[in-house]
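Should a chain be cited, it is by its letter among A, B, C and D, assigned in written order, with residues numbered from 1 in that chain.
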């Protein structure tokens, strides 16, 4: 392993260790908040694979988040499934959905791809409203009592405990970070970047670029779906609001802010944005103003995001 | 080289391609032997680039057939042809400007490592990506700049990088579309040296305007004019050919 | 603000790690709350009521009046010595009328503001989304929502609706009058989500019991902005058109209904006042409502037999005899709902006094104290009218009014009794663990 | 209701919808045609137009006609000015890069919408129509103002057609659309044309909103629906093709009016969004698309 590889590994492990220690020093409220942020960060990590590495800007990732959310929540609610089974099921369904949507949407490029994903996501959102008998539409469904705990490895896992939720979220985030690290530092990551930087050249070299993009889409969609499933199962609620365009924009915003194409960027972006909104919502009901202003400033002055700018200027080894 | 039995590596039969009302490539029959360097020359608009695009798959022919190593590849996509061993180096430099030189070459190398060697060099063990990239960079003399961003290289070096990326895939047939364009005299000489170094085990198609360069390097030269093949011979023969002189050199 | 000190102040047990937190800059990330934080635990600590407010989103016009009512009530309670000798502090979080943000607001109340109770939610999808969080964080949650979800038993032991009658009871009590006076063949127009579904399910059952039937159900998506296209679905033989709608489009809805019927024969119209809450009856194009009927929980226009409690309530909240703000006669209140905020706060006060509530450690006692309540006689604290309370289903039952539109105002023509609205309870929250 | 009158009512609703939609979709289409960017904040310019119209009519109580006329003039002007400034201050800085513009206009969407929330408040407010009379058909009644919206929209569209095809500005626009570099070389101030077209797009949205404000209520979230509908229209009509967009607005407005009387409007919207995605994938030039727009 090279020196920069060691440094980046240390950094990632360090971030995860810091997150592990935080509950000991933070007030309860932040423990709850960070649990949510970590799940959203997985969503953003997934988004980043597609946008940051493969260079495909989707405006519809909420559909994958919602797909995981419902694929996990509905069997639990209607069929009485156990939580771990529902989670795995949601992962599989999200992967399939991403493969299907990807196979269709990846026939377009650039602006058309953005609009196609936006439209698909809007159709999914309307679908969650339309099939209200199953989904509970706007009002959503509260997962029943039996879904608040499960047995795993001979232990009873109690999801009503904030600590348990926190560490489950952290475990999922850690797994996600390690997987992303592995991919982006390996051949697959290089293929994604090659497609992002120069797709026609990559195809001329002998790469099946459609397949490379589809892989990014499936992994990205699976991460997003996994995050949705975790969100629904940990907080015992599924509802249409998670399929709304706001969530697609959030994923983009977190990634852009933290730095597209950096592993830790989406996580940092999720933290900054969540607390920024929390701060603004204490002062004004129009807290989404922050979202707007940050988006405009980022795209005008810092298209690389926080970590992207850091990497360019000072820390070239940052993955 | 001459000891090799002449085998047809690639052949084209009755290739046609029209753009609107204009026939860019017209009834072209073409055959390429394993291991040769073939020059393709002709005036502007003669259909050289269109023709090689039909070979590499960037364009689909209206009619005709392309056979590579005995396989009909007429309907195969660009990337499948590339996997079979046809590499195309762009006339307008096409590299990965935002990546380092190392990563540029690694993109080609990691693909090359996924498949059996085509240039016949045996691999005792699974080679290391670093090594493969390193040896490619040494071959083209770019190893001093492996950590530089490709976009920061000088033009001539970008040209070299373009070729290095292709070499890293380890192709059987290398199509070079005007590789000397924009290079200085010294650089052209260096480039000729490079081609001589890398031709071992490879077949090369060279589209060029720089005639002395082609005549010096090529085993055979094909002259195209108005979408068709005007003449084909060794460099000496071409230089003697009256039709070629009339259509092209005499101008 | 004082947030940094606040983190440190009530986290004595974690003193040893305090420096680390400071060094890591964690304290910087503390959210900034709209109200000044209370200080360390102590007897002078105020009772904190976390109000989940629809300040934005489709419930905003209700939220504005819920806030005014709650603020007026807290002011009154504090003037009269607070609760158990301690002042009451209202901590407000906007939920955007969104279930997901509602749940986050509950978390913020429980763990950041450390409020004693959560309170004040109207829209039923927000209640449904927030309840599990309240239950798991063991935060008593008093909603003012009208929905049947509390009484149905589908929520949990920490959720109460003691200040406003649920929709099912309202319908059970009014269906006989509607069947007898307006007609038995009904077409229903209702919002296509939880609150509307309560109407759909329980009104159709109630009217069937009276020998009537619902000919057609017309659900309308909650964010709809154009309504004409729904009206042709009303069957011709309809005798009563029953309408209830909420959200930003209500006025458009009622206007377009008027345009559609024009001056032709039309069915009798019975509406929930929700369709015109916060809307002036004197608005142009609403003339067609003349002679139609509306449900009201609490008559918007002061009636000739107005009680002194009604008068007092209007005075405290700042509402004139036409149900409009005293500052702006064009600013119409949500009079048939907001009294619930007033009454609920007095019930919280009553329950806290019963159990001698002194802080979050007494929350379970507060739940049991609330469940032990049975009756709220008509009084200044309960101006809408007397109510009974069923501790098993956490729901109160009160009187309802049916009013007729006459010269752009509503005059009460019928008032139901509490007994009219009783139904067989289907749940028992007291069996659930605390 | 019988099928005949039913369809008649549906067609009237569809025409009103199409009238307003064609104005706002034309705006989106113009911007895409000339600047080659998608303006995601388009719906918010629409909302801003309605809010300003409300404010003007609110400031002139008892004079709905005067208020409406003032709004018809002032609201688009103010919205256009804001859009012009946004283009010069933001979009020019990112060189109208298509993808960056989408992100930037999403940001603008939030800024405008949330500013309206602060300034105008979260409530839906009614705006009085400039005139009101009731049309009684034998089967149902209809608002006379709504009928007049169809005529007013048609008149405004004629005016736009005049500007594009008969004025110097229109000429500049068409030239810039055909070939930006050539236009620049021929001395057309392309930067200004961009700003003006962006403003004109926003003004068209605002005009549509002023017409609709007296029918529906004014609300800070009212921009999302017209944005999606305009998107659908512009894509089906062929990105950048004005004739295609107008035709698509008519077809989609009518379809929406008719289909949503038979099916759930949610289902209708769901199907039309899926249709748009499929059109983009299978026929990127749009259903009525032609390669040479304007």
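The rule we apply is simple: contacts are C-beta pairs under 8 Å (C-beta built on N, C-alpha and C of every residue); 3 or more make two chains touch, one makes a residue touch a chain.
Because the structure is predicted, anything quoted here is derived from the model rather than measured.
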Lowest number of touching-chain links that must be crossed from chain A to chain B: 1
Of all other chains, the one whose Cα centre sits farthest from chain C: B
Chain nearest the overall Cα centroid: A
Centroid distance [mean C-alpha coordinates] between chain D and chain C, Å: 38
Interchain centroid distance [CA atoms averaged], chain B/chain C, Å: 76
Length of the line joining the C-alpha centres of chain A and chain D, rounded to whole Å: 34
Residues within chain A bordering two or more other chains: 129, 285-286
Interface hub residues of chain D, defined as touching at least two other chains: 117, 122, 266
Touching two or more other chains - residue numbers and ranges from chain C: 55-56, 221
Chain pairs in mutual contact under the definition given at the outset: A-B, A-C, A-D, C-D
In the complex, chain A residues that touch chain B: 187, 190-191, 193-194, 197-198, 200-209
Residue ranges of chain A touching chain C (in the complex, touch as defined): 18, 22, 24-33, 36, 129, 132, 137-140, 142-143, 148, 160, 235-237, 239, 241-242, 271, 275, 278-279, 281-283, 285-286
List of chain D residues in touch with chain A within their complex: 38, 90, 93-94, 98-100, 102-104, 106-111, 113-115, 117-118, 122, 228, 231, 235, 264, 266-267, 269-270, 273-274, 276-277, 280-281, 284
Sites on chain C touched by chain A in the complex: 7, 11, 14, 17-18, 20-21, 24, 26, 29-34, 55-56, 93-94, 98-100, 103-104, 107-108, 111-112, 124-125, 128-129, 131-133, 136, 154-155, 192-194, 221-222
Chain C contact footprint on chain D (complex, rising order): 1, 5-6, 9-10, 13, 17, 117, 121-124, 126, 128, 132, 134, 136-137, 140-143, 146, 215-217, 219, 221-222, 225, 257, 260-261, 265-266
